[in-house]
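Before I ask anything, here is the structure I am working with.
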Amino acid sequence: MSTGWLIGSAVIAVIVAPLIGGLLRGIDRKLTAHMQGRIGPPIMQPFYDVIKLFGKERCVAGKAQLVFGYAYLTLIVTAVVFFALRQDLLVVLFILFLGCIFLAIGALSVKSPYSQLGGHRELLQFLAYEPILLLAVVPIALKLQSFRIATIFESGQPLLPHLWLSFIALLIVLAIVMRKSPFDISSSEHAHQELVRGLVTEYAGPYLALIEIAHWYEMVLLLSILGLFWVVGSLWWLSIIIALGSWFIILIVDNISARLTWSWMLRFTWVAGISLIGSNILFINLGWM
Amino acid sequence: MARTVIPFGPQHPVLPEPIQLKLELEDETVVGVMPIIGYIHRGIEKAAELNDFRQNVFICERICGICSFIHALTYCEGAEAMTSVEVPPRARFLRVFWSELSRTHSHLLWLGLLADSMGFESLFMQIWRAREMILDISEMTAGHRIIQSTCIIGGVRRDIDKEMAKEVDKRLLAFKEMLDSTIAPVLLRDPTIKRRAVGKGMLSKEQAELLGAVGPTSRGSGVAIDIRQTGYAAYKEVGFEPVVETAGDSYARTLVRAREVYQCVELMRKALSMMPEGEILVRVDGYPEGEAMSRTEQPRGELIYYFRGNGTNNLERLKIRTPTFANIPTLLVMLPGCEMADVPVITLSIDPCIACTER
Amino acid sequence: MENEILVEKADFIPAVQKMLAEKARFGTTSCVDLGDKFELIYHFEPQESPEPLTHIRVKIAKEETLPSISSMYLCAALIENEIQENFNVQISGIALDYQKRFLRSKESPESALLKPVPYAPKPPARLPVRCGEACPAGIDIPRYVRLIGEGKFAESLATIKQSMPFPGILGRVCFAPCEDNCRQAKQEEPIAIRMLKRFAYDHASYGEKATAKQTGKRVAIIGSGPAGLAAAYYLAKMGHGVTIFESLPQAGGMMRVGIPSYRLPRKILDDEINMVKNLGVEIKTNTKVESLDTLFKDGYQAVLVATGAHQGMKLGVEGEEHPKVMECIDFLRDVAFGKMVKLGDRVMVIGGGNAAIDSARTALRLGSKEVTILYRRTRAEMPADAEEVEEAIKEGVKIEFLAAPKKIFSENGAVTLENIRMKLGAPDASGRPRPEPIEGSEFKVGVDSIIAAIGQTPAVPEQFNIEIGRFGNVIVAEGDTFATSKEGSFAAGDAVTGPASVVEAVGAAKKAAISIDKYLGGKGVLPVEEIKVKEPTSRHTFLERWQEKREVEVSIVDGSVTVSVEKKRAEMPCLPLEERLGKFDEVELGLTEEMAIAEGQRCWRCDLEQ
Amino acid sequence: MPWMFPTIWKNLFSRPVTRRYPFKDIREPFPGYRGKIYFDTNKCDLCGDCARVCPAEAIEVDSENKQIKYYPFRCIYCGTCVETCLQGAITQDEHYSPPNTEKIEELYKIEA
């Protein structure tokens, strides 16, 4: 594939990803509302919210927080660009991690106890899902002998039949990144939680909007990684179905469970995630998958 | 370990009423708690001294937005005792009906808030959807959804005729059906709910007695105290057994309230079916003189009114002891040692009604 | 209102106390401003809720102060506080401590009430521990060690007493298999369990309370050694009439005649024997039992043979009958009963057990200048306590390893011992390397006396008419019931096991006592005093506890220096060496209180480990 | 967790139970609902009973100027005035009184 085409797709990705992300958030809210027997907000509501936030007064608790907020957005966008350029999957993930750490540091740079606790919990959350995300790449590399996304496109055969265990582990990660029950620990989706959206309590106005947009990027990036599991072959459109399907499963789980505590989350994600991926790696090495 | 003081309230999304809990945290563990009340004092006791004693019903009714009928009932019971008025039997049964309706709606509201504090939004919506059915019955029978304003000194203002009683019965059965099919199984079985509530906020029986806990808070710890046993209104005729759980944790208090919802439905149907024909209101001629004490069981526990009249149109003194006021000290026992994430659940488990507390 | 109680200010608190005594629940308080006075009405609900309320009314002048009832009804604090604020009523005693614990008033001190209830109020199930399993008497070791660490010495002593009657004796002479099995020894040094037992006995007192009703049955016990005394103790507590027959002039058996008084002061021994006597046990000294049948004829329903192992083993070398050769057991007995024993300057002790060490140290105290122990193997194989050996060497005892006697004869007026050097060979049945003589390595030593301390065997009179085992002359007793071949007679202690330790004898005697009780128609339940102590409810993990012990001190003065402090095993304070010789004063002085508490806290509490 | 699933699945494929109040699908109130208060200026005889019984002091009767002042934002819609009025001059209909951006008061000129 030509370089020009790749760069073009990267530009398109940067523009389209937040649109998809916002749209998915809108549909998410609508579907959740319907599951609860409500009408719910209009599908475009997330965009209205962000536009309204941009129109608000610029108010910031500390300059450092601002820098970290921007760093978060920039790094996430960079990760998306690298993904679109079909670069090394490890590079994409590590840039993503760095971005998330900046978000937590941004929260920790403010003195508000809510923000502090939120930042602390975000780090714990990070501790819970990043190892799984990182480990999930290993079976892919084992299968294809390369960490490059381009290789997945070139391989010519879908990954899901071999790597469905890792895929399930990634679903847990998706739930955490989307901040859904039972994992909405650091900043609950609705502020009805002891920390009042701890992580972003101290962000307001346009800066909150930036964080929101970065979340959209993050979600789309993660869904794309899930989509990689069936990106080739004649049924390439299955990749979109898989990504949206897993997104829908997370919505369902969100609606049928209560929020749990961080200690439980840490235990669950580590035990479930690592054993799933570990057995996947084992099975690949044994030649069963 | 890092020690932080988190101001939980006075404005907090989990506790939509103004009470402040200064939580002392060590990392995520609560080591100290300091409840601060007094943010919405409204001087209702004083207002009741200045107003006509008949008008006070409507003022007392507005002490609390959730158990308003029972406040009115308690006031009327006391005022009737002072003016030596005999309430007609039909009115007494109607009072039982409405106060149980009030209790049902209060418990459902609380169960919904509990689900919300656990981040279980769909259950919250489902419970409030069921509560809507109760509010419809309230609107149908009393004319308003929450503040029914049906109880006045001497009886009740509205009657429930046979046709309406049939309709109410039908709606109550539909409500029970909804509870059975969608809400009760989740409350009783869902592992995520149990994980959040079982063993959290322990209150032993001795502590409950010593700290003067009332209502479901004490009944969740195995203290079988229910003021309805004294048989005010028509409770003696209707008859009932208090709901008691012994575990003493947040889950036990949840179960007490959930079981009481079922009990309320039964009591309402019983009251409607046992209701005798006759008057619903008698004329009140006298003026309050002397003293009286009236106690009722509010959804949150025992409610005490003390009256003192001097034969004029106004009361000399009205003293109100609300259940949440008696239950707040238990928080000091329940909260220390729990995780920060459990604070909303434990705090809610006493069903704090701050508007009541402050009066 | 009905049920009014009008009281004056002075009678107010008594009236409320009366309500409290009737278990009335406090409802609320109303206050009315009467112009020049306040009237306060306290509403109470007597016991059951359908009863009418009771109202205590009290009038006070505006400048007067009313006592608070919040010390009786904690829940009243909030209400009284509110009244105080709204009406300016002066109420004494309520000072709500909002900063600390909200409901603490001046009168009610901080109570357990305001602490949260732990979810699992029951103490965690305890695990079997290696020290406890190693103890022949089955003492709850982790518990008494913990209680000493908590400073509860009396409870600790009671814990020991639950399973073993002689903490004073065993706190001094036990060979402490528990310490060998202490798990902490793998990481640090073992807990000084024996020293703590001694500490508990020295620093706390214990009254015997649990005694069963008299059964009217009578039991005879032959021998007043540890096994006999322990069995007597338990049988007496189970309500039987017990008589002990002792052939020696004083009770105590091997504890009196085998253990020198610098290790076990006679006062302690006498105290413990008196403790048994006080339970109603009769001890007949200087009485030799000739036959068991006469005892049964005398009206005893059961007999316990606990004669011990008092017969020294023969050396089996040429010239053994030499008058200067003594059996160690005879030697120690003579010393114990104050007979003058002339040893001379040079003493040779043959053997490597505790008896050998005891003999050597006793010899030193009797004035011998040069005491040598002859042992066939090396120090690692010595059956004696390492500590005892250490002390002996400190005191000046020489030990000749890898040598054995070959011949004893008189030469130039002195006894001469011809010895032979040994080397270690293949392990034998006991697991120790078998010593093999090296040919031609004989050497001669001239000494003044020789003490043979190579072991003892029981000497059971033939008239007892009970079955004797083929090896070692011991009584054959059934493993669980301790019953011998003769109906109604039982045996325990060294007489059954061969020479062993005090604690093993006590452990066996306890089981024998249970068995005898069952034989006599009892249920075989040992009467045990209940101990009321709070069990720990927290379960730390092993790792956490281990790290707890290593305190890290950071000095800020000269930069950052980290010092890790390791808590060492307590060292037993001992009599200085120069004060030991020539006297029989107790060598070990006992731990101080601080040392004992520190030692008790050092324990890892493996029994609570998750 | 699975116990909630049938409910949300059913909800997802059925009509929402909420309404777009006050724009669409407004449910008619039950008969007997205590809503807005109206004064019949023809029937009123300015006796002032309603003002006396009103617990919220939402009605002021000015007999000199022959007018009644009614404060809807004080009113608690208890309906006591309706029951009290001997002339039957006060009526209450079954609709909520609409929200407003300012605290209005209503003035009734009595003709009789």
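Order of writing sets the labels: A, B, C and D. Residues in every chain begin at 1.
Here, a residue touches a chain if its C-beta (ideal position, glycine included) is under 8 Å from a C-beta of that chain, and two chains touch if they have at least 3 such contacts.
Since this is a predicted model, take the numbers as computed values, not measurements.
Peer 1: If we define chain centres by averaging CA atoms, which chain lands farthest from chain D? Would you check?
Peer 2: C
Peer 1: When contacts are scored as defined above, which chain pair ends up with more C-beta pairs, A-D or B-D?
Peer 2: B-D
Peer 1: Report the chain ID whose CA centroid sits closest to the centroid of the full protein CA set.
Peer 2: Central chain: B.
Peer 1: Could you work out how far the Cα centre of chain C sits from that of chain D, in whole Å?
Peer 2: Roughly 84 Å separates the two chain centres.
Peer 1: Roughly how far is chain A from chain D, going centre to centre by Cα mean, in whole Å?
Peer 2: 50
Peer 1: Starting from the mean Cα coordinates of chain B and chain D, work out the distance between those two points in Å.
Peer 2: Averaging C-alpha atoms per chain gives centres 26 Å apart.
Peer 1: So the centre of each chain is just the mean of its C-alpha atoms; given that, what is the distance between chain A and chain C in Å?
Peer 2: Going by mean C-alpha positions, chain A sits 63 Å from chain C.
Peer 1: Give the residues of chain B touching no fewer than two other chains, as numbers and ranges.
Peer 2: Those would be 120, 122-123, 126, 129, 190, 192.
Peer 1: Send over the residues of chain D in touch with two or more other chains.
Peer 2: Where chain D meets two or more other chains at a single residue, that happens at 1, 3-4, 8, 17.
Peer 1: Spell out all pairs of chains that touch, sorted by label.
Peer 2: A-B, A-D, B-C, B-D
Peer 1: Which residues of chain D touch chain B in their complex?
Peer 2: For chain D paired with chain B, touching residues are 1, 3-4, 6-8, 17, 29-30, 32-34, 53-56, 76-80, 83.
Peer 1: List the residues on chain A that touch chain B in their complex, please.
Peer 2: The touching residues are 32, 35-38, 113-114, 116-117, 181-182, 184-185, 188, 190-196, 255-264.
Peer 1: Spell out the part of chain B that touches chain C in their complex, as residue ranges.
Peer 2: 32-36, 199-200, 202-204, 207, 209-213, 225-227, 229-231, 248-249, 290-293, 295, 302, 304, 306, 308, 316-317, 319, 321, 325-326, 328-329, 332-338
Peer 1: Spell out the part of chain C that touches chain B in their complex, as residue ranges.
Peer 2: 1, 25-28, 30-32, 41, 43, 49-50, 53, 55, 73-79, 98-103, 113-119, 121
Peer 1: Would you pull the chain D residues touching chain A in the complex into a rising list?
Peer 2: That would be residues 1-5, 8-9, 11-12, 14, 16-20 of chain D.
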